[in-house]
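First chain written, first letter: the chains are A, B, C and D, and each begins at residue 1.
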Amino acid sequence: MNERRGFASDNHAGVHPEVMAAIAEANEGHAEAYGGDPWTARAQQRFREHFGSGAQAFPVFNGTGANVLCLEALTQPWQGIVCARTAHLNVDECGAPEAAGRKLLVVDTPDGRLTPEHVAPLLVRIGDEHVVQPRVISIAQSTELGTVYPPEAVAGLAEWAHAHGMLLHVDGARLCNAAAALGVPLRALTTDAGVDALSFGATKNGSMGAEAVVLLRDEIADGFRYRRKQAMQLASKMRFVSAQLDALLTGDLWQRSAAHANAMARRLADAVRGVEGVRITQPVDANAVFAILPPAVTERLERDWTFYVWDDNTGEVRWMCSWDTAPEDVDAFAADVKAAVLR
Amino acid sequence: MNERRGFASDNHAGVHPEVMAAIAEANEGHAEAYGGDPWTARAQQRFREHFGSGAQAFPVFNGTGANVLCLEALTQPWQGIVCARTAHLNVDECGAPEAAGRKLLVVDTPDGRLTPEHVAPLLVRIGDEHVVQPRVISIAQSTELGTVYPPEAVAGLAEWAHAHGMLLHVDGARLCNAAAALGVPLRALTTDAGVDALSFGATKNGSMGAEAVVLLRDEIADGFRYRRKQAMQLASKMRFVSAQLDALLTGDLWQRSAAHANAMARRLADAVRGVEGVRITQPVDANAVFAILPPAVTERLERDWTFYVWDDNTGEVRWMCSWDTAPEDVDAFAADVKAAVLR
Amino acid sequence: MNERRGFASDNHAGVHPEVMAAIAEANEGHAEAYGGDPWTARAQQRFREHFGSGAQAFPVFNGTGANVLCLEALTQPWQGIVCARTAHLNVDECGAPEAAGRKLLVVDTPDGRLTPEHVAPLLVRIGDEHVVQPRVISIAQSTELGTVYPPEAVAGLAEWAHAHGMLLHVDGARLCNAAAALGVPLRALTTDAGVDALSFGATKNGSMGAEAVVLLRDEIADGFRYRRKQAMQLASKMRFVSAQLDALLTGDLWQRSAAHANAMARRLADAVRGVEGVRITQPVDANAVFAILPPAVTERLERDWTFYVWDDNTGEVRWMCSWDTAPEDVDAFAADVKAAVLR
Amino acid sequence: MNERRGFASDNHAGVHPEVMAAIAEANEGHAEAYGGDPWTARAQQRFREHFGSGAQAFPVFNGTGANVLCLEALTQPWQGIVCARTAHLNVDECGAPEAAGRKLLVVDTPDGRLTPEHVAPLLVRIGDEHVVQPRVISIAQSTELGTVYPPEAVAGLAEWAHAHGMLLHVDGARLCNAAAALGVPLRALTTDAGVDALSFGATKNGSMGAEAVVLLRDEIADGFRYRRKQAMQLASKMRFVSAQLDALLTGDLWQRSAAHANAMARRLADAVRGVEGVRITQPVDANAVFAILPPAVTERLERDWTFYVWDDNTGEVRWMCSWDTAPEDVDAFAADVKAAVLR
């Protein structure tokens, strides 16, 4: 393994020691399978604490599962989901939403964020049986471009959605990063803003493999247990998934880890912002830095560091920080960026 | 938690210390996500060692995922899968095979085991477009009734299947138990017997949550990577799944754990076999004991112990042993069975 | 073409002259596509006359479409449909219900008819997320074995279904034959008996290609229009489908044609009943005769006549009459049966 | 019914007398169901005459069925279909492609036509399991905007597709109009241009309800019969569908009807082209005229005539001509356009 940590993905990071300890503690004797265990009950209680007493949380294995299950629960097969062209849902799930029989209605946005103005033009031919009927707006928080929706933007979207017979879903693979960036509790960006359903991400924020579907309206939850099983997302020894969620949501671990990752991204952005030939392309709201570099610089950097080229045409790259990114990693990388530019 | 371990399910058991150690060891620095890590490479090597150099292993989250993905890879949408009525596939997956668009062709068997004689009557109307065409025979090893197919039975089924244009799938959620019971290597029951694809189970045998699709013919593997992703079974931090598989298949852990569970089931069967009113209904080949008890006896036992009533009509119960069942658990339970009968 | 009509299927018959005339009359000028035409409005009115003012009829192309759409509308993906093993749904739709993600729960019946006693044993593990939850009983009227449910049997099933949280669907591909056989109006076997949804068949009863989904409860119809379009069952020039349904349901054409087919089956059954070696195996309630013949007799008959061997193992054959079967066809065939036996 | 024919859709037209006669002629005695009849054999022969001896034609009910079945046959579930944003597939099928589990990859085009330049940017991340892999280019001929691809454009797309591991599908709902417009045989735009699969439309060109999947490569046809049945597109009394296809493709009926519709569209375009405030927005290659009118003019016209407003934002309308549009219809309508403008 590299001694230094790369900037490819927060999925490349390992498991936070406190999460690992929670997993080890859960390994005690027998416990009922499929969620009838005390750790799952505790995790569900934590979700109610963070998202309100009406929040129903269902642990699942991964983000694809959380997203697709949310969208299935929120729609009939003939109802569509509006999302940004850059949405993970649209570009990185290998068509899992469509494999589940749902159509994505894709709109272009400059920074990964949707507004009512993006969605409104799609509300045509309502009631026409030839046309998939828009039903859900799905936003990512933070977005795939590292930007964040402030609470009032989420609330605005939710209000607009509800006024137009639609629902609001949040792909919260990095919800903790967004909340930490804004210094608000998790519910400020979800329950309190009128969100209807949420994919809650723990994996990228220091867990081993744990996500949750969080349903914020009772009627959506109807029959959801069957859906999760049928979609192959029901863990048998669920206690080990739930223990991760419980650990993250107990105390301030979720906030601490995410805030650290965010801070590392800002440190990196600050360090390279003035460098000639390096242009930062998106607001560094959360734990990602997007930048355009000369191709030769990218090539030199790739010899020693891992990161993704986001757009082959423009030369845009993505540098992602995680809970375990060290200041020294950032400083060494920034120094290498400068050196690569100067060469 | 109970101090004593119950007999409800091998899914109620925790994680074997050696597996837990392997998980902890995998938590070191950054590693490529989605399977591009050394632990996954090592696990795949282990599968080749056990199942032959042509075996392609794909770690997944759970048994439902492994089974459904195998069956999808082996069939076109209009091809059917023959299985026992008691098959997990048929009764315990909440219709996941059908949700994936596949039809199960169900046959009755007294002990959960299929023979060519069960399948042959289904081979009618071949080539008739109105009829789902039988394509796969799916057997469970060990079966849901705790019975085991010896290598020659598997080989006979594979040979018959291939002679009739069909393929053989093994739901190996408890393959280790079957192999341990027979004292044969894993490949004797799979690769060497002509099996085409395998769901390999680790979770019930002391893992935290790790299964694998093992494809034993190249052409089946074509495009399988996409299938796994689309079916929401691709782990991001896969190293922690693969480390479990690697630990189980390195040295004799798979065999040791399974053999112990089997021995505990035999110990239990031996202890209660003579008890009046208790009738053992299936051969105790692996780690399960099936028995019919008077309802009053069952009720008394349920006050202190966990186990499943298998058939409400007959009063048949299932007692399942696991890698961590202690002889003292068995002896105490057997004593309580006797006491409950005498009352 | 044969001058004589065979006994293979009521699908082999052509179009009744009155239906053909109705189609020709509908071919006048322009009419709105996709059902916004007067013929469709008239057909829907006819359905309300026959099935009650709450009946909502949706013309579709074929029986598979009608059946699958009914079942989808009646169930969530994790809810199962109980049907006879011999049901068309189960054996002749090439897995279309499963392709739509629904699981059939198949039970054995001697004569194709279901009773509550067949269904009751399936009502186990209610509320258990691992198990497809039985939600619909689907019966065929007349059955695939030519038998008929009297109104009180349908009502009994409906009442039982509703008392157990289930719904009743009728595959009415030959509903007209059943009603004609019993001398009752169509609603006696459906609306008045408590049926929830119906696949109404016109094609086999003298139409060219026209079936309808008839929904008898408002809430089932919610969104159904989208479902029909998405399932590729929405006709563009729908007036030509609707004109067939209108013709059949105006006056007594539905009854006249079906009664004639039924009478021909009885005539055939009566003619061969005493013949040595010929055993009629099912009550001849509607337009089908099932009989077991010596294989040599079947072979001789097949030289001059078309019909299906129903069961290769027993030698059972099916002789199906249709709206255009002539008494002379029956008499000639019966004479050939006798001759073939004597040879 | 209106005495005058409107301009809403070629689906509003009735059935051509020659097609109606062919249907009536097919109504003679018994014929094997599900395609084993002489009319189907004859229609398939016609398709071979028009599309080459390797063409395999499968009659289906409607265009949605033809399109979705083609796309399913051409792709694995994780492979995507590139189409224009305006494609019928994308906007008018109520998500039927997605309901079949396939993802559309949508690109913007000014006139409904795709070129390799539109598709090339989508060929990124090939081999990356997170991304739906582009596999098919689907073009409409004529397009939904009334434009036509000349043979060399189709051949260019096919060549490019094949060079990049892709296949070319033609949604030929109005293929006859395109071929008639160009004065070329049907195969010039399909088989000879390298097309792999085709949805052949007859309904809009004077049929009652008849389309066909035409597969131009053997390997695509493998198992297709089962697919058609499972997708509920197999007609029982298929002879009446096939007779329509046979009639259209025998002699020059396909050409005559389509050429007439095209001529009527040109007549209309010519008549209104100079009218103040009326701007024709697309080349009038086939049987559609697209124009932008002042909203008040549109409103006045809608009192007496049927046609579609294509784009509420721009005021663009679509005027569609059909096989039965009379010159007098066109002249009266054009006169009303002028009158409405002057008011």
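The rule is simple: contacts are C-beta pairs under 8 Å (C-beta built on N, C-alpha and C of every residue); 3 or more make two chains touch, one makes a residue touch a chain.
Model, not experiment: these values are computed from the prediction.
> More C-beta pairs touching across which pair, B-D or A-D?
A-D
> Most remote chain relative to subunit A, going by C-alpha centroids?
The most distant chain relative to subunit A turns out to be C.
> Could you work out how far the Cα centre of subunit C sits from that of subunit D, in whole Å?
The computed centroid separation for subunit C versus subunit D comes out at 34 Å.
> On a C-alpha centroid basis, what's the spacing between subunit A and subunit D, in Å?
A distance of 42 Å separates the two centres.
> Can you compute the centre-to-centre distance for subunit B and subunit D, using the mean CA position of each chain? Integer Å is fine.
Going by mean C-alpha positions, subunit B sits 51 Å from subunit D.
> What are the residues of subunit A that contact at least two other chains?
34, 77-78, 93-95, 99, 129-130, 226, 229-230, 234
> Give every residue of subunit D touching subunit B within the complex, in rising order.
Residues of subunit D touching subunit B: 34, 76-78, 129-130, 133, 223, 225-230, 234.
> Over in the complex, which subunit A residues touch subunit D? Could you list them?
Contacts found on subunit A: 77-78, 80, 91-95, 98-99, 101-103, 106, 121, 124, 129-132, 312-313.
> Please name which positions on subunit C make contact with subunit D in the complex.
Listed in rising order, the residues of subunit C that touch subunit D are 1-3, 5-6, 8-9, 11-15, 20, 23-24, 26-34, 38, 61-65, 68, 93-96, 99, 203-204, 208-209, 226, 229-237, 240-241, 306, 324.
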